[in-house]
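Going by the order they are written in, the chains are A, B, C and D; count residues from 1 in each one.
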Amino acid sequence: MLYKVIKKVDYKEFVSKLISDFEFIGPVKKDIATHDFVRINDFSKLDINYKRTTIAPAKKILFPSTEVLIQYEIGEDIKISSVYEAKEKILFGIDACDVNGLSFLDRFFSEDLIDEPYFSRRRKLTVIGIDRMPSKTNFSLSMGKEYAKDGFDLFLTDLKDRYFVRVGSEKGNGLLSKYAITSAAGDEDFKDYNKFMDTYRKSFKLKADVANLYDNFEQVYDDAQFWKKIAKDCYSCGSCCLVCPTCFCFNVKDDMELNLKKGNKIREWDSCMIPEYGLVAGSHNFRPTKENRLKQRYRCKIKTFADRFGSNSCVGCGRCIEACLAKINIAEDINSVKKEVSV
Amino acid sequence: MSKPKVGIFGLTGCGGCQLEILNLEDQLLDLIHAIDIVHFTEAITEHSDNYDIALIEGSVATRHDAERLEHIGKIAKIMIAVGACACTGGINCLKNLYGVEKAKELVYGDKKGWIDAIETKPIEAYVKVDYYARGCPPTRTEIVDIIKSLIVGKVPEIPNYPVCIECKRLGNTCVYDLGKTCMGLISRAGCGARCPSAGVGCEACRGTIDDPNVNAQKDILVKYNLTVEDIMEGFNLYNGCKKIEQKIK
Amino acid sequence: MENNIYIPDLARITRIETVTPLEKIFDISFIEKEAQKKFNFLPGQFVELTVFGVGEAPFSITSNPNNKDKFQLCIRAVGSVSKAIHALKEGARVGIRGPFGKGTFPYKEAKGHNVLAIAGGLGLAPLMSFLTYVMDFRDQYKNLMIIYGAVNPTNILYKNEIAYWNSRDDVSVCVTVDNPDDKWTGEIGVCTKLIPRVDFKPDDTYTIVCGPPVMYKYVVVELEKKNFKEDKIFLSLERRMECGVGKCNHCHIGDKLACVDGPVFRLWDVRNLKEAI
Amino acid sequence: MAKNLNIEVSPLSRVEGHGDLVIDVKNKKVEKLMLRIPESPRFFEAMLVGRNWTEPSHITSRICGICSVAHTYASIKATEAALGIKVNEQILKLRKLIFHHECVQSNTLHVYFLAAPDFFGAGSVVSLIETHPEVVNIALRLKKMANDMVRIIGGRAIHPISTVVGGFTKLPTEEEMYQMKDMLKAAYADLETSLKVLKTLKLPQFERETEYLSITDKKDYALYDGDIKSSDGWIIDGKDYLSKIKEKVVEHSTGKHCWASRDAFMVGALSRFNNNFDKLSDNAKTYAEELGLKAPCYNTFMINIAQFVEIIHCIDDSIKLIDELMVSGLDENKAIVSVKPKAGRGVGVVEAPRGLLIHDYTYDADGKIEKANLIIPTNMNYINVEKDMAAYLPLIIDKSEDEIRLAMEMLIRAYDPCISCSTHFLNVKLVNN
């Protein structure tokens, strides 16, 4: 990897140029409670010091909450076409666990068959990550996802008077040479970087004990009492899934215009926490209770992909914890699994 | 079903649902080509007693309403309840909470005998309802979706998940985070999370999802320093006929 | 552009046969010759069928994989897509994606062994592509036995095929119904009842099962009583599917996906997938 | 020619809600003539009792889907008056802005969808699509513009959401403000075309002078705020409405009848025009002149023209309001003022599209409603409608039954009676005092 530094004064210049030259998406204060990743036209709107994790994860840029997969026109012939728009965009200011979330989706949507609607956008997306102190609910350290090894073009770390820049791709390097004044990172910079990372890692308040989770999870899986307790307050509202940077479930539906000539196949975010998710013909539901569903979600987050990809899909960003009004907490529940099996 | 004959009828309500149909603007002309509107008091003079689909707005609040509804029910093959008043009784049910006789007395005094008013009920209390376009008012998209589905021959997809899903799809800040309360957790989505999007808690004008976790709602309320009564007040607004409070123990 | 995995190929319904009050069989062939040529499926695989304007749903291919110029689906009218296709006429156009599913029936592995097929209701349809394949290469397999349970005599699918199997002495067929009518002379009751009568050697037998979700548990119990081996039993599992290509995730079974890893699974795998049956 | 007539139109179509018209003529003598409202009364005054101060605007908005913004604000203003709340300029301007567009929406609906088919001899807007597609398209565009305005500011086109006691729960974004301005400007072309079409219409010549009631303001063409003014020469503060406006329950109709200085009065677009025409935008004044509408005007059928003129005024004034608001941009911190419940009475008076609308609430110390009284425009027009009919019928009595039926229906429709709201009732006790 290439390591560089950029001075704070030059940083502003750099980002402002990107904002004027590209479709630039970054964190903006939305209201008293949250930030959102939206298009930015003016440097002053950018606010990288967001405290919460921002409700809608950046996945929405690549995998929008509703999108048209294909379009068709019925006449003499039936014409079918894809319609996804794909523009060069810069996604700025997502933190390490979100970068890891994106990497997960990259892998997921390319596993086996490639999801073109996703990748047509991904290929044109430049990701500039930035380190920030963990929020209250962030436990990415426990999940091994507090640091992004790849999946970005540039990754910035704030070293007070300058940014330490990890250059993750040729594209990222190109941007730097075209738009920024940088210098190669030296010993001093690395020292400060290490100091920052140590403090950063020490700042995680929420921890999840994932040791032996892979096996323990199977052990508690059929323990109805355990799940009853865990899921007691769950509304089956699905918020946890929709805010998750690595949740990918969707529904597909056909929508015909009233003229009955043109139609779309649309996909929209779905959640395994809502009852319909497992419903099939004959009104049989494979996951009829909220307990079934919650443990399904946990399985998907903290087990399934350990099998499939060798690493869990949960990046520990803590969004689901913030979003859950029933105060269901995945990190604490991971700890409960451990406790249940240890006692 | 090709070009079905459709009647649009109003019982006791505010006319907003019928207006929502007139508000289709971009789609109104397509709609008129796709279906044959044979009855629509609010918009057209011609009327006919020959229709396949009846869209009913408003709740049953007089004997006259009940008679008309039963008459329509005998003719129409498909009955669609449009709007909270027709689906759940809607805001009209507040009258029941107050008491029909008492309400007559309060408003009409000694002339109350002139008034034909009975306990408010949703239309399903009198006729079999096939589909519900819920909400106060329902969204035009949903009304159109139901009609479209019937034309192309599919079951209309009415969400049975809570409003939170739509909030999250839209990227809304949860109104609990704005320091207000919201019924969205147990209310049926399909409105496009209009209220939370406007910074106001959901008032459950589309009723609840099939299996709401109302007990959790109670627990949560305590966490947010609220009581069941607080939330029931809100819930009664559109669901006074449903007596959901009996579910909350 | 055409690498969009969600774009279906256009196909035409060439023949419709009403088999029961609920089910119809559809012969389908692609409009583009190229698409038809490319379409090579294995027994147990399924397609995603679009009725334009209505939606898409997964259906198992029921025809013989050796038949290259068309394929067949047997569809029960239960919901939007299935009812809509029932309303279509011969010549109507539909969209097809697939074939999908890596988990197929053990048409190769079972060669040289006995084959026991157990079907409940509509579950016979997915087994048909395998069974017709076995019939084509009948001499490569040992004994073949088909146990089929239907709700009542009118709901029995593939009556011609059953009659044909009955006419041959190298196939044994047992059909049972839950609710017999006056004319019914065959077996009565659920299909699990017939399993104890199977006299195949467990080590030498491949069993394939398909039926409604509730059936599997009971069938498996009966099979195990007879010592049938977990790795020689294959179950075709149904789940809700929105995409068919492993992206929408609705068909999760434990850590696997029915659409990609299935829909046919070995009992050994199913055992290790929580909540599979 | 009909000597004896027995007309019953039930239900009256193209009016919001249900109404029946009964005319009985024997030997050219009018025996019976009445407008009957068989719809269920909805008892809003009863529904309101005991509700928290946050709710009345949501509840009363449901009195009428067509004038939900007007009810929302009559209600909010009554509550704010009772709780002693003053809102800031920004809130006030946004309120006027959203208020204008209910007027545009409703007037468009009435002029183009409900009344126009009569003048073009079409049975409904559906037939109008065949014969006059350009008119229908203009109407659809105008309505969409107005609905979009209400939706952007209020969160929903019918029964707005963000409009609450104390201000707004959410403000339009800067982008939306400019978007609204563009939409408004784009509407002028359609108004130009409409003018040409309206000029070709031959409205019946029928004059009957009556008392005209509306609100009035020193600066504005009063819609959102003002004192109550009568063409008979008096002006009162809204809260004193009971000193002038009386009402009673009548048997043949569930809508109450009202009167003020004389035995009947008129409210709505024509009253507003007659009382306040000098406050109209210059542009609107020009349009009025071109269409031959001059104050005072006593022709009931001209209500439709007054409604059209108001559309012009509202669009002109909206652009002005947006420009004023955007001078310094919208300030999130001024979106809403804080509210504390206390005991008290408050009256909210606004102009709904159909005329004067009054909400009158009394709150207890916890901020719950003790007593509510609502006066609705269609109720106020009742007697006047019947008097118009009685005066008009003899003029056309020589026509065929069908023609008479149509002429009478047109006359009633000119008032744009919103019957769904008129079906709810006044507190009888108040009538007695």
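We take it that contacts are C-beta pairs under 8 Å (C-beta built on N, C-alpha and C of every residue); 3 or more make two chains touch, one makes a residue touch a chain.
No experiment lies behind these values; they were computed from the predicted model shown.
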>> Strictly by the touch rule at the top, which chains does chain B share as contacts with chain D?
In response: none
> Which chain pair is joined by more contacting C-beta pairs, B-C or A-C?
Replying inline: A-C
> How far is the middle of chain A from the middle of chain C, if each middle is the mean of its Cα atoms, in Å?
Replying inline: 38
> Which whole number of Å gives the spacing of the CA centres of chain C and chain D?
Replying inline: 65
>> For chain A versus chain D, what separation do you get between their C-alpha means, in angstrom?
In response: 51
> Between chain B and chain C, what's the gap in Å when you average each chain's C-alpha atoms?
Replying inline: 43
>> Using the touch definition from the top, which residues of chain B touch two or more other chains?
In response: 152, 199
>> I need the residues of chain A touching at least two other chains; which ones are they?
In response: 253, 256, 260
>> For chain D, give me the residues that contact two or more of the other chains.
In response: none
> What are all the touching pairs of chains?
Replying inline: A-B, A-C, B-C, B-D
>> Please output the residues of chain A touching chain C within their complex, sorted ascending.
In response: 69-70, 72, 74, 78, 80-82, 108-109, 111-117, 218, 221-222, 248-254, 256, 260, 263, 265, 267, 270, 272, 277-282, 284, 286-287, 292, 296, 299-300, 303-304, 307-308
> Which bits of chain C are touching chain B when the two form their complex?
Replying inline: 53-55, 79-81, 83-84, 87
>> Which residues of chain D touch chain B once you look at their complex with the stated criterion?
In response: 11, 13-18, 38-43, 45-47, 49, 51-52, 55, 58-59, 62-66, 68, 109, 113-114, 117, 123-126, 129, 136, 140-141, 143-144, 147, 154-159, 161-162, 164, 169-170, 249, 251, 254, 418, 420-421, 423, 425-429, 432
>> Looking at the complex, which residues from chain A come into contact with chain B?
In response: 30-34, 36, 55-56, 60, 65-66, 232-239, 242-243, 253, 256-260, 268-269, 271, 274-276, 290, 323, 325-327
>> With touch defined as at the start, can you tell me which chain C residues reach chain A in the complex?
In response: 1, 3-8, 10, 50, 52-56, 76, 78-79, 82, 93, 95, 212-214, 238-240, 242-243, 245-250, 252, 254-255, 260, 274-275
